[in-house]
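Several structures are given next for inspection.
Two complexes come next, and they have one chain in common, chain A, joined by chain B in the first and chain C in the second.
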Partner chain A sequence: MDLQTLQSFEWGIMTPEFTILIAGILLSLLDLFGRERWKKYLPWLAVISIGIAILFLGNQAGHQDVSILYDTYIFDPFSFYFKFILLLGSFLIYLMILSRTTNHEIEDRGEYVYLLLAALLGTMVMASSGDIITLFVGLELLSISSYIMVGLRKNNLHSNEGAMKYVINGGIATAFTLFGMSYVYGISGSTKLVDISREMSGSLGSGEPVAIIGFIILFIGLGFKISTVPFHMWAPDVYQGAATPVSAFLSVISKAAGFMIIIRLFWDIFHSIGVAAENDALFEAIFGFVATVSILTMVIGNIVALRQRNMKRLLAYSSIGHAGYILIPLVSLTPMSLENIWFYLLAYVFMTIGAFMVIYILEQAKKSEDISIFSGLFKESPLLAVAMTIFLASLAGIPGTAGFIGKLNILIGAVIANPAQYLLAGIMALMTVVSYIYYFSIFVQMFIREPEEERITNISGLQWTPLILCVLGTIGLGIFPFIALNFFS
Partner chain B sequence: MIEFVWLIPTLPLLTFILLTILRDKVNQTGSYMAICLTGMAFILSVLVFIQLIDAGTAVQEWEWITIGSIQISFGTLLNPLNGLMLILVAFISLLIHIYSLGYMERDQRMTTFFAYLSLFTAAMLGLVISPNLLQFYVFWELVGLGSFLLIGFYYYKNSAKNAAQKAFIMTRVGDMGLLIGLILLFWQTGSLQFEAIFSAITGGDVEGSMLTLIAILIFIGAIGKSGQFPLHTWLPDAMEGPTPVSALIHAATMVAAGVYLVAVMYPLYMASTTALMVVTVVGGFTAIYAASIGLVQNDIKQVLAYSTISQLGFMMLAMGTLGYTAGVFHLFTHAFFKALLFLAAGVVIHAIHTQNIKQMGGLHQRLKLTSITFAIGALAISGFPLFSGFFSKEEILSAVWADGQYGLWLVALVAAFLTSLYMFRLYFLVFHGESKQRLDQIGLVPKTMKIPMSILAVFSIFSGFFNTSWFGSYLGDWLIGDNQMLTNTHHGSSIGVMLIASIISIGGIILAYMIYVKKSFDQTSLQSSFSGTYKLLANKFFMDEFYHTSFVKGAKGVGKIFVYVERYGVGFLLAFIREMLTTLSKSGSKTQTGQTQTYAAVAFLGMVLFTAIYILKGGY
Partner chain C sequence: MGTLSLLVFSPAIGILALLMTRNSDNNQRTHVLALLSSFIPLLLSIFVFALFQGGNQLEERVSWITFQVAERTLTLDYELAVDGFSVLLIILTTVVSLLAILSARWMVNKDLNLFFIFMLFLEIGTLGVFSAHNLILFFVFFEITLIPMFFLIGKWGGTDREEAAFRYIIYNGLGSMLLLLAIAVIFINVGNTNFSVVADFFSGGEQKRFQAGMAIALLLAFGVKLPIFPLHSWMVKVHVHAPPALVMIHAGVLLKIGAYGLIKFGVFFFPEGFEILAPVIAILGLINLLYGAFLAFRQTELRAVLAYSSISHMGLILLGVAALNEAGIQGAIFQAVSHGLISALFFLLVGILLVRTQTTHLKRLSGLARLTPLLAGYFLVAALAGLGLPGMSGFVSEFTVFLGIFKTMPVIGAIGTLGLIMTVVYFLRAILNMTFGSYRNTFGNLKDLRTEEVISATILLLCIIGIGIFPNSVALTIQQTLETILVGIGG
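Right, the complex of A and B next:
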C-alpha cells in the first residue's frame, strides 16, 4: 500500500484510540524521565485523556459506518456504543485509583496507570476490528497488560500466585482461541469477518463438523475473558490477588471486552445469516452449546458464591454468575438482544465498580477483605452502607435499580425469542433467588451486626466522587432506563 | 383533588427520606412528623375517595421505558378496588403510626422505626394505585423490603435476624413466579397495562393453556406474599418484628396484597377454570390447615399469625369460587379486626413482657379496655352475628355454596368453627381465669395506644354493614359497578347460610367457654368445696366431656398432625433445599483447589466434553 492509499483512509474514526495511545506513550515517558514529584499527577493525566477520548467518541455519534485498512478496522454503531462503556468504565476505575489513601502496596504508580491505558486500548481495538487477526492483537494487548497489572502488588503472596495463574490459564486460553481461529480460517479461507460470514451462510457452513468444532473451541478460549465454564476457575484467585481497582477492571472492562469479541465473532457471523434453512445444524449446535455454557455458568457461579467470605472472591463468583446471565440474549436472538447486552453491561459497570469501590475504601481502612469488614457499617457510616445497599440491590436485581431493568430486559428477551428460552429464563430466575442469599449476608453484616473495633475515620471527597457517580448511574438507569435505551437506538 | 393522588404515597416517602437524613437530630419530633405526614396522606385519600365515588375511575400516565416499539408508562390508576385499598391502607397506617408512638416509647431507635414504617406505607400506597404490572411489581418488591427491615428491627435477636432472612428469601420465590408470569403476559398481550391486558384476555388473544400457566405463575407470587401453603412458614416467624408491625404489615395490609393481586388480575382468573380451581384448593386447604395449627399454639402472636394465614386462605377460597366481592369484603373487614387483635396483643405483651399464653390469665381486671376491644376483635373474626366478620364470612360461605363446591364448603365451615374456638381459647386464657403473674405492676396504657384500638373496635363492629343483604350491598355494587369483566361473579347471600354460620360461630365460642373457663372453675374450687353440686354439674359436664373427646381432641389431634407436617414435611423440604445448596456449594468450592493444573485440566476436559457431545449429537 502506498502513501496515497494510506492517506485516503478515514483515520478520523480512530481519534479515541489515538488519544489513548498518545496518552499511554506520554505517561510512560513521563514516568521514565519525569521528575519524581510529577508522578502523582499521572493518573490525572490519564483521567483527562479518557475524558478527551470520550469527547472524540461523542463527536462520532451518528457517523456513518466506515471501514478502513481493508475492512480490518471498522466503525459501526456496535463499536461506538461498546467503546462508550469501555471508556466510561475506565474513567470510573481511574477515579478509584486516584482515591487511594495508603501507598504501601504498589510503589510504582506510573506502570499501573499506563498499563491500564494499554489494556483499554486493547479493548477498544477489539471493539472495532473486523478481522480475526486484529481481534487477536487487541485481545493479547489486553491480556498481557492485565497479567502484569495483577502481579503489581509485588510483596503480596496472593498477588504473585494470582498473576502466575492468570498467565498460565491465559496462555492456555490463547492457545484455544488460536486453535479455534485456525479451524475457522481453514474452512472459510479468510480472516475477515465479512468473508467468514458469507462462507458460513453458504453450503459450507451447513454440513461441516469442523466448523462446529472450530467455533466451540474458539468460544471456550474466549470464555476465559468472560469467565464462563469451563474457564471460570481463575477468576476468584486472580480477583483476590490483584489490587482492588485491577479486580474491578478485570471484572468490568475486561469482561465487557470479552463479550464484545464474542458478539463480533458469533453475532456478526451468525446473525447476518439469520436462521437460514441450510445452516440449521451449525446454528443450532452453536447456540445449544452457548445455552449449556450459560446454564452451567449461572449455576456454578451463584452456588459457589454462597460459601465465600472473602469479598473479592464473592464478587468474582457473582461476576461469573452475571456472565451467565449476559449470555442469554446471545442465545435468544431477538432484535433487542444487542441492546439488552449493552444495557446490562452498562448497568454492570456502575454497580460492580461501585461495589468494588466500597470494598476498596473498607479494605484500606480495615486491612482485611473478609466479609466482616462490613459489620456494623450502617452505624459507622450510614451513607456508605446505603451506597453499598444500592449496588447490591442492583446486582441482585431489585426494582428501582439498573440491574433490575437489565435482568427484566434479558428475561423478556428470552421469553419472546423464537423458540422461547423458558429453561434459560427459569434457571436465571432461580439463580437470582440463590444470589439473594449471598448478597443478603452482606446486608446482614451492614445493618444488623455491631461494628468492630477499627473504625473508618473519614471518607475523602476523592473517594466519594466515583461512589456518587456509580450511585447516580445505578439509580438513574433504574428509574429512567429510557435515557440509555434511547441513546442506544 | 383526584389528580394529586400521586402525592399520597409521596408524603410517607418524604418522611422516610427526612427521617433517614435527620436520624440523629430528631427524636420525638421525628415521630410526630411521620404521624402528621401520614395523616395528611390519609386526609388526601379520603378526599380522593369522595371524588372517586362519582368519577368511578381515574387514570394518569407518564411515559417511562420504551423497549423497541413497546412503551411502558408509570402513573396512577384509581378504580373502586384501588380506591378502597388506598383508603384502607392509609387509615390503618395512620392508626398504627399513632399506636407506635406509645408502643415504641422507650426504644432508642424510634426514629429508625418510623422511617422504616413510612417507607413501607409509601410502598404499600404506591402498590395499590399502580396502573400496570411492572410498576406493581416494583412496589411489590419495595413492600417486601420494608417488611424485611421491620421484621429484623430487633437485630440483636438472632431469631429476628433469621426470620427477616427467611421472609426475604421465601417471598422472593413467589416474586420470581410473579415476574415470569408478568413477562409471559407481556409477551402474549404486548402490554403491561391492566386495561390492555384484560381486553386482550377477554378478546381471546391468549391461548388457554398459556393463560392457565400465567395465572398460576402469578398466583405463586400471591402465595408467597399472602402466606398460603406451602410458602407460609415465613409469616409465623415474621412475628419477631415489633407488634405494631405485625398488625400493619403481617395482618392488615401487605399479606393481603396477595389477595389484592388476585383481585386485580381477576379477569385473567375468570378466563381459566383450572387456575380458579388452584386458587380455591390452595385457599381452602390453607384455611383449615392454619386454623388447626392455631389451635395448639401457645404464643399469643403465633396464634394470631396462623389465624391470619387461615383468614387469607378464606379470602383466596372466595376468590377461587367466583366470590370476588366476598373476598375483597373479607379483606376489608379482616384488616380492621386483625389489626385490632394484634394491637390488643401488643398491649398485653407491652404490659407483662411475655408472649406465652400459659403464663397469662386474668388480665381483664387490669386491662379493661384492651380486654373489651380484644373481645370485639375476637367476636368479629369468629363471625358472631352482626359483627363485621359475620357478614363477610357469610358471604364467602354463600359464594362457595353457590359455586357448587360442597366439599370445600364443609371445609370452610369447619375452619370457621375452629376459628371461633382458637380465638376464644386465646381470649379466655389471656384475659380470664387465674392470673399467673403479679398484675399490680402493670402500668397505665398510654392514650396513644388506646385511641387507635378504640377506633378499630368501632370499625370491627360496624364495617360489615357496608355490604349486607339487609340494608344494601353498597360495597359489592360499587366494586362490581358496570365492570363488564366481573359480571359473572357471585354476589349476595342466603338466610340458610347465615343461620348456619351463626350457629357455627356461637358454637365455637360456647365450646371454648366450657373448656377454658368452666372447666378451670370445676377443677379448682368446685371440686373441693361443693362436692355435691360438683356431681350434679359433672353430669352436665358430661356433654363437655363428650365434646371434648370427640371434637376438641379430634381437632387438636389434626392440629398436632399439621404441626408435624409443618415441622417435618414443609420444614424437611426447606431443610433439604438448604442442605442441597450448601452441599453443592461445598463441593463446588472443593473443585477450586487453588492449583493451576486443576484449572487447566477442567478447561481441557470441558472442551473435550463439549466437542464430544456436539460431535456425537450431531451424528458427525
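Right, the complex of A and C next:
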C-alpha cells in the first residue's frame, strides 16, 4: 500500500473515531503527566470530545455508502445509526460519572475516563467494520478495556470476583468466536463480509454442516457480549462488582455493540440471501437456534430476576431478559427488524442509564445496593421516585413510555414475519408479565414502604442533568416515537 | 385539541393542582381541590353527551406512527370517537369518580393528596379506554389504568393489600398481554386498528377458523377483566382488600371494560366467531351466574358477598352476549350500566359503614338497623336494586337479557332463572342478617348518615330508579350502536 492509495481513501468518514482516539490518547497522557488537581476535569474533556464526535457523525447524515481500506472499514446507514446510539449512551454515562459526589481514591483516578473512551472506540470500530478481522479487533479492544474497568476497584471483593469471572468467561467466549470465524473463513475462503455473503448464497451454504456449526459457534461466542444463554452468568456478578457507571456501560453500550456485531454478521450475510430454497437447511438451523437462545434468555433472565434483592443484580437479570426480547426481530427477519432493534436499543439507552443513575445516586447516599434503598423514596425525594417510576415503567413496557413502543414494534414484527413467530411473541408477552412482578416490587418499596432513617440530603444539578435527559428520552420516545422512526428511515 | 381529548385529559388539571399543593397538610383543602377538579370531567362528559344526543360526530384523528413493511403500510393513529355505549360508560365514569372522590374524604386518612392524584390518573385511563377509537389506543389506556390501580390497592387497601395488588397486576397483565397479541394479529391483517375499518374488513365473514380463534382470544382476555370463572380470584381479593372508594370505581366502571370489549370488539368484529362460541359463552355465563350466587350465599363477609354477587351479575352479561340478538346485547349493555351504578352504591355504603365499624363481617354487624336506620335502609334499597326489583335498573337489564336468551337458548335460560332466585336469597340473607339480626351492641353508639353521605348515595339511587322507570333513556342512546352491531350478526 503506497502513500497515494492511502491518500485516496475517504478518511473523512472516520472523523468520529479519530476524535475519540485523539481524546483517549490525550486523556491518558494528561492522567500520566498532568497535575493532580487537573484530574477531576478529565471527564469534562471526554464529554466534550464525545459531543464533538456526535457533531462529526451528524455531519455525515445522508452521506453515501463508502468503504475504505479494501472494504474492511465501511460507512453505511447501519453504522451511522448505531454509532449514534453508542455515542449518545456514552455521553450520558460520562454525565453520570461527572455527577459523583463522594470522593473515592480509586474511582477518582483517570483510568476510568480513558478506558471508557477506548472501549467506546472499540464499539465504533465494530459498527463500521466490513471484515471479520476488523470486527474482532474492535471486539477485543472493547473486551480488554472492559475487563480492566470492572477490576479497577481493587479493594472491593465483588469487583475482584466480577473481573475474574468476566476475564475467564470472556476468554472462553473469544475462543468460541474465533473458532466459529475460522470455520466461516474455511468454507468461504474470505474474511470479508461481502465475500462470505456471496459464498453463502451459492451452493456452499446449502445445508453444509460445517457452515451450520460455524455460524452457531460464532453466535454462541458473540452471545457473551449481549449476555444471552449460555454466556449470561457473568452479568450479575460483574454488574454487582463494577462501579455503577461501568455497569451501565456494560449493560447498554457493550450490549448494543454486541447486537451490532451479530446483526452485521447474521443480518448482512443472511438477509441479502433471503430465504432461498436451497439454503433452507442452513437458514432454519441457524435461526432455529437463535430462536431457542432467545426463548431461554427471556425465561431465565426474567424468572431469576424475581429472586434478586441487590439492585444491580436485579438490573443485570432484567437486562438479560431484554437481550432475549431484542433477539426476536433478528429471528423474524422482516424489513422492520433492523428498525425495531435500533429503536429498542435507543429506548434501552434512556431507560437503563436512567435506572442506573437513580441507583448510583441512592447508592452513594445510603452506601448500599439492596432494594431497601428505595424504601419510602417517594417521601424523601418525590421527583427522584417519579423519575425511577418512569424508567421502570418503560422497562416493564407500560404505554406512554419508550419501552412500550419498543415492545409493540417487536411484537408486530414477530407476528408479521413469515412464518409468524407466535411462540416467541407469546413468550415475550408472558415474560413481560413476569417482569411486572419485580419492577412493581420496586414501586412497592418507593411508594408504599416507609422511609428508613437515612435521608437523601439533596441532589445536585449535575446529578439531575443525566436524569432529566433520560426522562425526556423515555417519555419523548413513548409519545412521539415517529421522531426516532422517521430519523431512522 | 378536540372535545374528547379535552375530556380524557381533563383530570390532569386536578393532578397538576394537587401536585402544586402537595406539601400542605390541610386535608380539607386537598379534598375540596380534588372534588372541584373532578367536576371538570363531569361537566365535560355531560357536554359530550349532549353533543352526542344532538347527533354530532365527535371524531378526532391525529396521525401517529406508520410502519412500512415491504409494500404494505400499517397505520396507527391517535383516534378518539364515541358511540352510544361508550358515552354512557363515560358518564358513568365521571359520576362514579366524582362520588368516589367525595366519599374518599371519610374513608382515606393517609396521604390524601397522593390518593387523589392516583384517582384522577385512573380517571384519565378509564375515560381514554371508552373514548379510544382504535384498538391499540384502547390498549394503551387500558394498560395505563393498571399503574394507578396497583398503587391505590397496594397503598391504601386493607390487610392483604400488597398481595391483592400483585394479584391484580398479574391477572390483568396476562389478560392484557393476550389482548395485545390479538390486537397485533388484527393489526397485521387489516393494516389499521380503527374500529370501523376493522369491522368492515372482517364483515365478509369468510375465515371462520380465524374468527373463532380471535373470538377465543378476546373472550379470554376480557374474561380476566369481567371476570369469567375460573379467572375471578383476583377480583374477589381486590373487592375485599382495596379501599371502598376505589372499589366503587373498580366494580362500578373498570369491570365494565370487560363487557365493553366483549361487545364492542368481540361481537362487533367477529360475529361469526362468536356465533360458533355462543354455546360455550352461554355455559360460562351460566356457571358465573350460579357459582357466584352460590358462593355469595356462603360468605360471612359483606364485601365478599358483593364480590361474588358481581361475578354472578357478570354472568348475565355473558348470557346476553351469547344470545346474539337484539334483546340479549341490549340487556348486556343495560346490565353493564346498571351493575356499575348498583355496585358503586354498594361500595359507597360499605365505605361509610367501614369508617364507623371497622368491619364488614356480617355476624358482627348484626342488628345495624337499630343503630343506624338510615344506613341500613339504604343497604336494603341497594340490595333490592341488586336483586332486580321492578322499577329499578336491575330489573330492566335482567328482564331484557332473559328475553334474549330465551329466544335462542331456552334451556340455558330456564336454568338461568334459578340464578335469579338465588340472587334474591343471598342478597336478602346478607342484608337482613346485617340489618335486622339480633342486636349485640358491639359498637356502642354509631352515627347515622350525614348529609353529604345521604346526598351521594341518593344521586346513585336516583340514577338506578331513573333507568328503572325510564329504560328508554338508555335504550335510545344505545340504539344506533346496537343496530351497527346487529348488522354484523345478521339479526
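Going forward, the second predicted complex is superposed on the first by the 486 of 489 C-alpha atoms of A that agree within 3 Å, B and C clash if a C-alpha of one lies under 4 Å from a C-alpha of the other, contacts with A are read in each partner's own complex, and residues count from 1 in each chain.
In this text, contacts are C-beta pairs under 8 Å (C-beta built on N, C-alpha and C of every residue); 3 or more make two chains touch, one makes a residue touch a chain.
Given the structure is predicted, the values throughout are model-derived calculations rather than measurements.
Aligning the two structures on chain A places chain B and chain C in clashing positions. By the touch criterion defined above, A:Pro481 lies against chain B and chain C together after alignment on the C-alpha atoms of chain A. More residues of chain A are touched by B (comparison of chain B with chain C).
By the touch criterion defined above, A:Pro230 lies against chain B but remains apart from chain C after alignment on the C-alpha atoms of chain A. Look at A:Ile468: by the touch rule set out above, it reaches neither chain B nor chain C. Look at A:Leu26: by the touch rule set out above, it reaches neither chain B nor chain C. Contact with neither chain B nor chain C is seen for A:Leu178 once the two complexes are overlaid on the shared chain. In the superposition on chain A, contact is made by A:Phe447 with both chain B and chain C.
When the two structures are aligned on the shared chain, A:Ile216 is found in touch with chain B, with no touch to chain C. Of the two partner chains placed by superposition, A:Ile48 touches none, neither chain B nor chain C.
Contact with neither chain B nor chain C is seen for A:Ile187 once the two complexes are overlaid on the shared chain. Among the candidate segments 6-14, 528-536, 582-590 or 600-608, the part of chain B whose C-alpha atoms clash with chain C in the superposed model is 6-14. The residues of chain A shared by its contacts with chain B and with chain C are 335-336, 382, 398-400, 404-405, 408-409, 411-412, 415-416, 425-426, 429-430, 432-433, 436-437, 440, 444, 447-448, 481-482, 485. The touching residues of chain A, counted against chain B in their complex, run 161, 164-165, 168-169, 172-173, 176, 209, 212-213, 216-217, 220, 224, 229-231, 233-234, 236-237, 281, 285, 288-289, 292-293, 300, 303-308, 335-336, 382, 398-400, 404-405, 408-409, 411-412, 415-416, 420, 425-426, 429-430, 432-434, 436-437, 440, 444, 447-449, 481-482, 485-486.
Partner chain C is touched in their complex by these residues of chain A: 334-336, 378, 382, 393, 398-400, 404-405, 408-409, 411-412, 415-416, 422, 425-426, 429-430, 432-433, 436-437, 440, 443-444, 447-448, 481-482, 485, 489.
Residues 20, 23, 63-68, 134, 137-138, 141-142, 145, 149, 152, 155-156, 161, 164-165, 168-169, 172-173, 176, 179-180, 183-184, 186-187, 581-582, 584-586, 588-589, 591-592, 594, 596, 598-600, 602-607, 610-611, 614-615, 617-618, 620 of chain B touch chain A in their complex. Considering their complex, residues 22, 64-70, 74, 114, 136, 139-141, 143-144, 146-147, 150-151, 154-155, 162, 165-166, 169-170, 173-174, 177-178, 180-181, 184-185, 187-188 of chain C touch chain A.
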